[in-house]
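Shared between the two complexes below is chain A, which has chain B as its partner in the first and chain C in the second.
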Partner chain A sequence: MFKDLDPILHSQLRLAVMSLLISVKQAEFTFLKEKTNSTAGNLSVQIQKLKEAGYIEVIKEFKDNYPNTTCKITAKGIKAFEEYVKSLQQYLQVKK
Partner chain B sequence: MIENPENNFSPQQSLQLIESMINRAKDKYAEDGFMYLLWGWLVFACSIMQFVLLHVFGYTYHYIVWLATIPVFIYQAYYVKKKRRRQKAVTYADSIISYVWITFAIVIFLLCFLVGPLTSGEYYTHIVHILLAIYGMPVFLTGVVIKFKPLIYGGIACWVLCILSTFIKVYDYQFLCVPAAMLAAWIIPGYLLRAKYKSQ
Partner chain C sequence: MEEKQLTGEESFKLINRMIHEAKGYFYESGLGGIIYGISIFICCVLSWLVESNTMSFPFHPLFLLTPVFFIQAWVQYREEKKKKAKTFTDEVIDYVWTGYFLSVFAALCGNFINAGYIIITIVLLLTAFASFITGMITKFRYHIICGLVCMLIAIVSFFVQSASIYLLMAVTALIVWLVPGLILRARFKKLYHN
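So, the complex of A and B:
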């Protein structure tokens, strides 16, 4: 049953990041770090994986002379997230 | 909270995680009502002063009081820029609201030029009704988007005052509808927004 679940999304931190990004238009790295209570290192790795999958867009720029990373969910990411939630619902219905 | 990076969590846990993250992303009330109060009191004061200059002193250039809005516009640009810098995430609601207000500012700006030629110099007899009709729009829409009823009622109050103002035949007194609209749509909701912001 689990094999249908997208492996990119079926990971706690990546799923948490995607759930945050689906709720807002865009978010800074520090916002994601704060809301997920994760370490910067782990979060960076997971964000990179989501980016490689094409689920999120990562914009690096300078804000007040400091590097600042902003993340945005992509259309592909929204589709993948919806599919993932659909699979979860199907699984839970079968279980009932 | 996320201790387990492994993929061995159940679909129930997945759904719980999604739900809790979506709830966390819902921003606290980002609006502290400052801009509503600033503009509300400014327009309130300007329109009262204009009424006094026009009605009591019969001063021809009574509209000069509106020049006071220029420095406030400049200050607002600075304030918004500063606020943006502090903001770590932009919600869809934030984005929609800022475009609603930008549209409002553009419409008001265009009207300043258009209303004269459109009404062949008789603009002063229509200006209050037109302004009140337009004032209601951003307030009402913001109220709907952030689900804040005082702003929704404030927007409706502007439209009610717009209709009422058409029954006021003496042009001078029509101006008094503007401070009334400011109280209902910007000042009172502004204080309520501030109270809500502080209480969270």
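So, the complex of A and C:
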């Protein structure tokens, strides 16, 4: 039933990250961790998957002498997210 | 957050909750508004005293705002670095106030042709506009009302083309920068220091 849904996005944590990133210009790793209430390890893995899919851009830099990771949604990511929401809407309409 | 297979409804709920969380992100200490409010107020009162020949000053008191501008820019830079996320609202407001400061700078060039107090009226109109737009974008009702009040002050200022116009500017500084700065400061302390 869900086979048309993007498997990259159809995962709780990855979808949460994408939903957060679509609403802001950019967000730090700590912000994503705090809002999704996830562990650093799991979040890192999911961010890496989103990065590999080309849905997000990951910027690693130093902030006050500490490493800091910032994530930003890409144009490809926005398109994939919009298509995912459209598919969900269609699925829910069919279900009704 | 545990990994599990989502249903359609759960996915929608998650998307809504996360978008709501992200949009509700707030990091504004109000320091910038407080610095601007107090310094513009002091400079305007000094300008009024100087131009109404109550006291003398080695240069025009408004020039004191030049170092304040750099101090505020530094404070703003420090705050930007502390933000964990940059929202689109933050970005638009930055553009509005950058446009405001550039326009004020352009209006001040009127001094080269001795345009007089009308420059302060233009600055008041620009301030009213920036405050109103900020209120509309952030849905902060205080700024919307404040923008409308400033427009009234700007209209009044057309009829006060004398040294007293600085007092109107001083009142504007209090309501546009100082009061919202204090409100934001209180909200910030409640959110991040409790």
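The rule is short, and it goes like this: the second predicted complex is superposed on the first by the 96 of 96 C-alpha atoms of A that agree within 3 Å, B and C clash if a C-alpha of one lies under 4 Å from a C-alpha of the other, contacts with A are read in each partner's own complex, and residues count from 1 in each chain.
Here is the rule we use: contacts are C-beta pairs under 8 Å (C-beta built on N, C-alpha and C of every residue); 3 or more make two chains touch, one makes a residue touch a chain.
Since the model is a prediction, treat every value here as computed from it, not as a measurement.
Colleague: On chain A, do chain B and chain C fit together or clash when superposed?
Modeller: Clash - chain B and chain C, as placed by superposing on chain A, overlap.
Colleague: Just chain B (first), just chain C (second), both, or neither: which does A:K63 touch?
Modeller: Touch status of A:K63: both partners.
Colleague: For A:A40, using the defined touch cut-off, is the partner it touches chain B, chain C, both, or neither? Pick first, second, both or neither.
Modeller: Touch partners of A:A40: none, neither chain B nor chain C.
Colleague: A:S11 contacts which: chain B (first), chain C (second), both, neither?
Modeller: both
Colleague: Going by the contact rule set out at the top, does A:S23 touch chain B (first), chain C (second), both, or neither?
Modeller: Touch partners of A:S23: chain B and chain C.
Colleague: I'd like to know which partner A:L88 touches here: chain B for first, chain C for second, both or neither.
Modeller: both
Colleague: Residues of chain A that sit at the chain B interface in one complex and at the chain C interface in the other, please.
Modeller: After superposing on chain A, chain A residues 10-13, 15-16, 19-20, 22-28, 30-31, 34-38, 42, 63-64, 85, 88, 91-92 contact both chain B and chain C.
Colleague: Considering only the defined contacts, which chain C positions touch chain A in the complex?
Modeller: Listed in rising order, the residues of chain C that touch chain A are 1-4, 6, 8-9, 11-12, 14-15, 17-19, 21-23, 25, 81, 84-88, 90-91.
Colleague: Using the touch definition up top, name the residues of chain A that touch chain C in the complex.
Modeller: Listed in rising order, the residues of chain A that touch chain C are 2, 10-13, 15-16, 19-20, 22-28, 30-31, 34-38, 42, 63-64, 85, 88, 91-92, 95.
Colleague: Help me check something: in the complex, which residues belonging to chain A touch chain B?
Modeller: 5, 7, 10-13, 15-16, 19-20, 22-28, 30-31, 34-38, 42, 63-64, 85, 88, 91-92
Colleague: Flag every residue of chain B that touches chain A in the complex, lowest number first.
Modeller: Residues 1-2, 4-7, 9, 11-12, 14-15, 17-18, 21-22, 24-27, 85, 88-92, 94-95 of chain B touch chain A in their complex.
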